Amino acid sequence: MNQQKLYKILESVSQGQISVQAAAQDLRDYQMEDINFANIDHHRSLRKGFPEVIFGEGKTAEQIIGIMDRMITQENIVIATRVSTAKAKHITAHFSSAIYHEDARMIVLEKKALPKKGRGSILVISAGTSDIPVAKEAFLTADAMGNHVETIFDVGVAGIHRLFKHLDQIQSASVLIVVAGMEGALPSVVAGLVSKPVIAVPTSVGYGSSFNGISALLGMLNSCSSNVSVVNIDNGFGAGYVASCINQN
Amino acid sequence: MNQQKLYKILESVSQGQISVQAAAQDLRDYQMEDINFANIDHHRSLRKGFPEVIFGEGKTAEQIIGIMDRMITQENIVIATRVSTAKAKHITAHFSSAIYHEDARMIVLEKKALPKKGRGSILVISAGTSDIPVAKEAFLTADAMGNHVETIFDVGVAGIHRLFKHLDQIQSASVLIVVAGMEGALPSVVAGLVSKPVIAVPTSVGYGSSFNGISALLGMLNSCSSNVSVVNIDNGFGAGYVASCINQN
Amino acid sequence: MNQQKLYKILESVSQGQISVQAAAQDLRDYQMEDINFANIDHHRSLRKGFPEVIFGEGKTAEQIIGIMDRMITQENIVIATRVSTAKAKHITAHFSSAIYHEDARMIVLEKKALPKKGRGSILVISAGTSDIPVAKEAFLTADAMGNHVETIFDVGVAGIHRLFKHLDQIQSASVLIVVAGMEGALPSVVAGLVSKPVIAVPTSVGYGSSFNGISALLGMLNSCSSNVSVVNIDNGFGAGYVASCINQN
Amino acid sequence: MNQQKLYKILESVSQGQISVQAAAQDLRDYQMEDINFANIDHHRSLRKGFPEVIFGEGKTAEQIIGIMDRMITQENIVIATRVSTAKAKHITAHFSSAIYHEDARMIVLEKKALPKKGRGSILVISAGTSDIPVAKEAFLTADAMGNHVETIFDVGVAGIHRLFKHLDQIQSASVLIVVAGMEGALPSVVAGLVSKPVIAVPTSVGYGSSFNGISALLGMLNSCSSNVSVVNIDNGFGAGYVASCINQN
Amino acid sequence: MNQQKLYKILESVSQGQISVQAAAQDLRDYQMEDINFANIDHHRSLRKGFPEVIFGEGKTAEQIIGIMDRMITQENIVIATRVSTAKAKHITAHFSSAIYHEDARMIVLEKKALPKKGRGSILVISAGTSDIPVAKEAFLTADAMGNHVETIFDVGVAGIHRLFKHLDQIQSASVLIVVAGMEGALPSVVAGLVSKPVIAVPTSVGYGSSFNGISALLGMLNSCSSNVSVVNIDNGFGAGYVASCINQN
Amino acid sequence: MNQQKLYKILESVSQGQISVQAAAQDLRDYQMEDINFANIDHHRSLRKGFPEVIFGEGKTAEQIIGIMDRMITQENIVIATRVSTAKAKHITAHFSSAIYHEDARMIVLEKKALPKKGRGSILVISAGTSDIPVAKEAFLTADAMGNHVETIFDVGVAGIHRLFKHLDQIQSASVLIVVAGMEGALPSVVAGLVSKPVIAVPTSVGYGSSFNGISALLGMLNSCSSNVSVVNIDNGFGAGYVASCINQN
Amino acid sequence: MNQQKLYKILESVSQGQISVQAAAQDLRDYQMEDINFANIDHHRSLRKGFPEVIFGEGKTAEQIIGIMDRMITQENIVIATRVSTAKAKHITAHFSSAIYHEDARMIVLEKKALPKKGRGSILVISAGTSDIPVAKEAFLTADAMGNHVETIFDVGVAGIHRLFKHLDQIQSASVLIVVAGMEGALPSVVAGLVSKPVIAVPTSVGYGSSFNGISALLGMLNSCSSNVSVVNIDNGFGAGYVASCINQN
Amino acid sequence: MNQQKLYKILESVSQGQISVQAAAQDLRDYQMEDINFANIDHHRSLRKGFPEVIFGEGKTAEQIIGIMDRMITQENIVIATRVSTAKAKHITAHFSSAIYHEDARMIVLEKKALPKKGRGSILVISAGTSDIPVAKEAFLTADAMGNHVETIFDVGVAGIHRLFKHLDQIQSASVLIVVAGMEGALPSVVAGLVSKPVIAVPTSVGYGSSFNGISALLGMLNSCSSNVSVVNIDNGFGAGYVASCINQN
């Protein structure tokens, strides 16, 4: 298309249909579009496969509403993460079809549900009850991006047998997201059971020398299982996003 | 299959073909195989899709040769990472068909080259000249695992234009591995250009407050691009392994 | 017992008393019990010697009550740690026989007091007044697990003579828990006086470069007394649990 | 001038116009002024080119008003940073011409606007919406110090094309201030495009392993672009101050 | 005994058998023995149950030989840890019956083998091949202190099934020492299978963000299994010592 | 005295004035007093030269009042540090002669003012306005311990000339306490001007990479002036205490 | 020029002098040059004002020679930093006019000395003797970039008077580079004396808690003087580069 | 004296004995001497009470000899610290009366022994054998500065009774230096026994989580004994220097 557009301008110049000045201006604009993605602000979902996601922390309900208003005119789905219950009340009052998932602190505003796509299912596994909010954020992100997503919650390594009940489900997933706080050992154990990629998500769950998730983060980065990669502490959204990129690759 | 095996044993007992004691023994063994992967030591490549890789650091040349000897009888390919030139001399003297890649400090011993598989190609991008050994380790790992792998080296963010020359190649890869030391900014920039998963590999390249790779690691974990996940500092092998899992998913 | 159960099923099949299908189902269940501890969720106290303990932080009073309700039907004792006074008010209102220990922020709900067991007594020593809540958590945990437990509070190393008054008590304990914040030196000194195992518990008591317990933690990990092992910062519960495992070994 | 004053005193002594004692006292005072800057408290703006700036954090509104009252008698402009909205209300009630910039948490009290000076313009670039308060503090500081200041906000590295729209503006600035949180990669990319000095300002924006700005700080200190120097986390004021020193050099 | 000795001195004074001066001297000495352990330097093995162990690092072969010479006159066994092969050559040349364990870098000099004691056996489990030196140090220490000690090496969490083969042995141990580097997850998994105390030993095995054992150390301190306590990085000796204190309690 | 007491008991036994049993009891008590400082709890001020000081943080007003009540019966002076304004209101209501120093968060209850002692004066210097609370704590502690104490506040290194005005006062002090936050450079500069001991006190004043006083602490520990020693972050009390020990040596 | 070139191509098309295809190709190339800096590899010195500098660490003498060979054909000056004496011997043997500065570990190869430029002089000040190598690297870099550069070495804050001898020189510099290890206090003091920009360079000089330059780095980032910005530890090159950018602004 | 000199110059001017120009020059010089300590380089020992000490690390034997040569012409004593055995051989060959203390890595060159001064004795206590080099450095420094110095070595807290044998010596010292590695607990215990100032010196002795002395440093900074102040890790010289300042106060 760009190629076509370039030829078309040059041919117009060649045939005297437009002036050199007008062509120069067109080319500068065209160049911007091609190299500099000038339209991306309006069409990010085309380039990246999904519209930008609103990070709700540090924004007022009004600011979030404003951004959502602008985005929803162009997108089928808009997501805001890290939204407190208080802010969510204002937002859902404004967008009647927006749904607030309180445990994941996430708002999803979708025009119409799309058919699921991707080569298989994404499985979100979490270690403890306190890790569920982060796991839910991962789940909702991957779900909103159009994947089949399943969950197994509360299967920490201190009772390793609980994992084995789910061995079939674990081994049939296309991508796995494993969420854990404290010592962050679960991704290593799960990854040892499968040949698929595992996205490890450390959480800030713990106390004392867990140092708000550093302990879990280091554990995951040093996993002795080779099919593990890691995202930031509490970054359920990022894990869901990466998993979707993989599943819809 | 397991299901079939269980029925077969029980029917044999039911029909008096084997004794209760023999059946009990069979079931205990069977159970081990099924749940405990008793045969995995011999068939890890079946379960995980690739044989165990030898971490050469802290092992003598003799130990590495010993392990390779045992493995090569059962596997088509054996890999050893972090092997010094001195050790490699001994090892390649013992295995005439083993190839030592000095810059990546890696030994590959392959019986016969297999046809490439995977849905697309893996692209390894590195920031500076000093990052190349880690990038090479990633390249060789993904290559040995049977993927199409391409490379773009020396495209750091301080001269961002160098990336753009390769825009087509970058946007057509199936999975991207981005290797960088110092401030570790390259994965963020690359990931902003594509919708595919990006595996970020921090290296220990740098000095002073690079703290042997911590600076790059933190930069990557905090990437503002959502399609990035991270492996350990200097872990080129892990990056290649994860990328292969994704590409052959 | 498992052995017996396996034979019984196989004999039933052998004698035609149950069908192959029913036996297969039984064996799958049995296998779960034996290897995968399928009943452990209901009988964890059998396997580990004590029921699971509820970590109260980050759970609502309602959630804690719900878990306690389910557990108390099967257990003689249920414990919740890190319960605030506000939450405790709700919980003790619901369980009339539950006792809230405010300084240790701990709730103990016991059906009937059991006879004490274990080879000797556990002695909990703490350095400063501010360390008492953690020391109390250790005391209550070990006590609830059925041990004889004694305490010596407020014997910091800045007035080393205070320890000597208690030399007999110190040297007659079977296991010692030593709780200290700030420089965390007390476990080293106490451990130098006895041949028994010492569990060191760093607390977050201090300011400035105590870094919320890191200083005490490092001091304890580097103890020049060899009979010291360490648990997490402020982990009085863990110390009481380990001490009980040792005393009832 | 000092030179003149010294000669004048000595000539007065020489001509018997003042006594030795009076001259000794004068010289001691003079010496203080010359070497020890005894008058600097009153004339700091002469020595440093700008009056002292009030760091509002940890001071009450009353204290800030008191200091401003004393300073404004001698200075044309008085600035207070890190002033909360609540405190600002009191302060602006007291100084009717003081302006409070809420997003930058900064108060500017200026007697009369001075003509702009400096060799070129200062350009403040920021990565994300959440970095704007720090960027605004830098903008207002440089502006108050009499520079031409321009801004480009919200051009993070994850959408690198957004930078290119502003290439001309970027390349024509005399000094650049680049503000970023999370991985802090923007200064490296911007500095690669220009030959002018770049002041990098890490912000505490981020979560998890951003460690309140450490990640961004390290990224900037390890920039592979050589024309970058760095100020403290969230130190927009310092960046504006340094940029002004450079621009008015 | 002390009681008896005191009475005896006082009765001698009372009966005029010794002078007041002699009694005063005796009492001062006696007091030293009783309170200040004046004889402990000669009889530490009586008080602590085992003679002092020589930390070989930073001592010359000559210094170690000198200390061993003095100790062996009074003790049945003398141990030196962290002894290099070069130093060991000198030491074993001097003490013909001293045995050097090269992988554990440990020297044991024993007059005569004593009968084993303790209530059960100590089991040393290690995760990877590189952890074996530390595991061996723990094994040899516990063995030298007179315990039944068993070992299971190379059962990392990435192949969790390998643990299950040893389930009986694991569940029948009296105390468990679990040695692991990298993410340090093995102690959590093992401790979840038993009710006995588990001593976790982090090792400096790993690279990059393992930070010479910090990652493993934090993982173990944050174990979600409650029966775990931790010793210093690479402190196999300490783990063996603590385990012996528990087993011989 | 102890010597005398021992002889007296033994002579009484020798002369039959007291029984062996009574002497044994006396000797055990005596020994406790001499070695174990049994009376120190009541007479700490005798041994250490000053009564124990109450650390008010984490104690209720009631607890502080209780401790003060007990102490004041035996001591001339009682001090409580880190007391909030709210708590102080209760405490000063109870002790009419107690004085609350709000900026230093300190309560001083003194029966009668004692004459000053010590070889010279202690000088407390602080860098910025925000460091004054810590400096005041040091001042009040040293003052309460009976020293001549002087202060110079607000002489930071960014305006080094301000120090020189006070050169005489600085060089005539017997001990110097230098309090600074941020980069903590003031103690190095001051110590370079004098031959007396300098106690450096880092404060948590600052933001960003001051890391709550770590930056200042490290600066002081690495001082290139040799006559500097350091206390904990914000530990004005400790600095005053050490300075008093030196001045009254 | 670009503007001219674009018009020229379009006019050629308009006048039929070149075909549409040829113009399309030209424009694609042109666009690369303009936006993507395709020629920058050959003309970096044009864009950035100075050719790329070779970081010698981790490169062999042969590699450095190779790069220098290619660069010197196009540039007037080539610089290599962090070159060991051993490597330098090879390099200077190859390039007869290359000069090796051993204390700064730097090689400068210049075709012909250029006239100095820049608005004033750059002054490099260093604290201790051990900081001189880093200071020299800064000096040589700024000198090679064509600035007037002066130096004052060995004026640490422990003898603050030494600075004052150089007050005139300090106050007449256009830009100041201040190099210091240990507590890193010198930049704050110097910056307090001038209104010009100060580039602070922390060095790894020190021991113990200097942590290889972290202490100095933090001290400089937290400077209470506002005209200070900071570069990486031991980054003399970067400081010289930034200073030159400022001086030649 | 300065006062006299000023009057003398002014009177000379008043009486026409010197010109105004000459007086102006004299006054500028005089001012330098008085305020700026211009003569201090030659008379540092007068101002600080002891000549500068040579930090030998990173200096060649030749450089050290050169500095010593210049210093010994003016000073009675010259000290060099951190001098390796190899360097010392050269230095003592050059200065026949220089003495090298190998364990403390210190060279002392003294013209004639001076009488001891100071109000009491300094006592150096060290915890373990490996801490002796640092303790020796402290001893030799304090000794060279003319103090009575005593030592008690190898009295770690794991055998607290060993301290008590030396109680009299401990309680009669004027200043105490306490040197310890690992957990660094000894200063707290010693300081609890005395009312005198205690200088705590952390050493880098230890392994694993001792982090080269950080553990000991933190332990000492957080001492619960108030009469403790701390110097840098392994800074025996600084401790000896501070102790001398106190003892000769």
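Letters are used for the chains, namely A, B, C, D, E, F, G and H, taken in the order the chains are written, and counting of residues starts over at 1 for each.
Note that in this section a contact is a pair of C-beta atoms (placed from the backbone, for glycine too) under 8 Å apart; a residue touches a chain by one contact, two chains touch by 3 or more.
Model, not experiment: these values are computed from the prediction.
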item	value
Any chain in contact with chain E as well as chain F	C, H
Shortest chain-hopping distance from chain D out to chain E	2
Furthest chain, CA centroid comparison against chain E	D
Same-interface partner of E-H, chosen from the options D-H, E-F or A-C, over half of the pairs matching	A-C
Between A-C and C-E, the pair with more C-beta contacts	C-E
Identity of the chain that, by mean CA position, is farthest from chain A	H
Same-residue or different-residue interface between chain D and chain H, half as cut-off	same
Interchain centroid distance [CA atoms averaged], chain E/chain G, Å	56
Interchain centroid distance [CA atoms averaged], chain B/chain E, Å	39
Residues of chain E engaged with two or more neighbouring chains	35-36, 159, 164, 208-210, 214, 217, 221-222, 232
Listing of all chain pairs that touch each other, if any do	A-B, A-C, A-D, A-E, A-G, B-C, B-D, B-E, B-G, C-E, C-F, C-H, D-F, D-G, D-H, E-F, E-H, F-G, F-H, G-H
Touch list for chain A against partner chain D, complex	32, 35-38, 40-41, 44, 55, 57-59, 202, 204, 212-214, 217, 232-235
Interface residues, chain D side, partner chain A - complex	129-130, 159, 161-162, 164-165, 205, 207-210
Footprint of chain E on chain F - complex, ascending	6-7, 10-11, 13-14, 16, 20, 23-24, 27, 31, 35-36
Contact set on chain G toward chain F in their complex	127-128, 156-160, 182-185, 188-189, 191-193, 206, 208-211, 214-216, 218-225
Chain C residues touching chain E - in the complex, by the definition given at the top	35, 47-49, 53, 119-120, 164, 174-175, 195-197, 199, 217, 221-222, 226-233, 237-239, 241-242, 245-247, 249
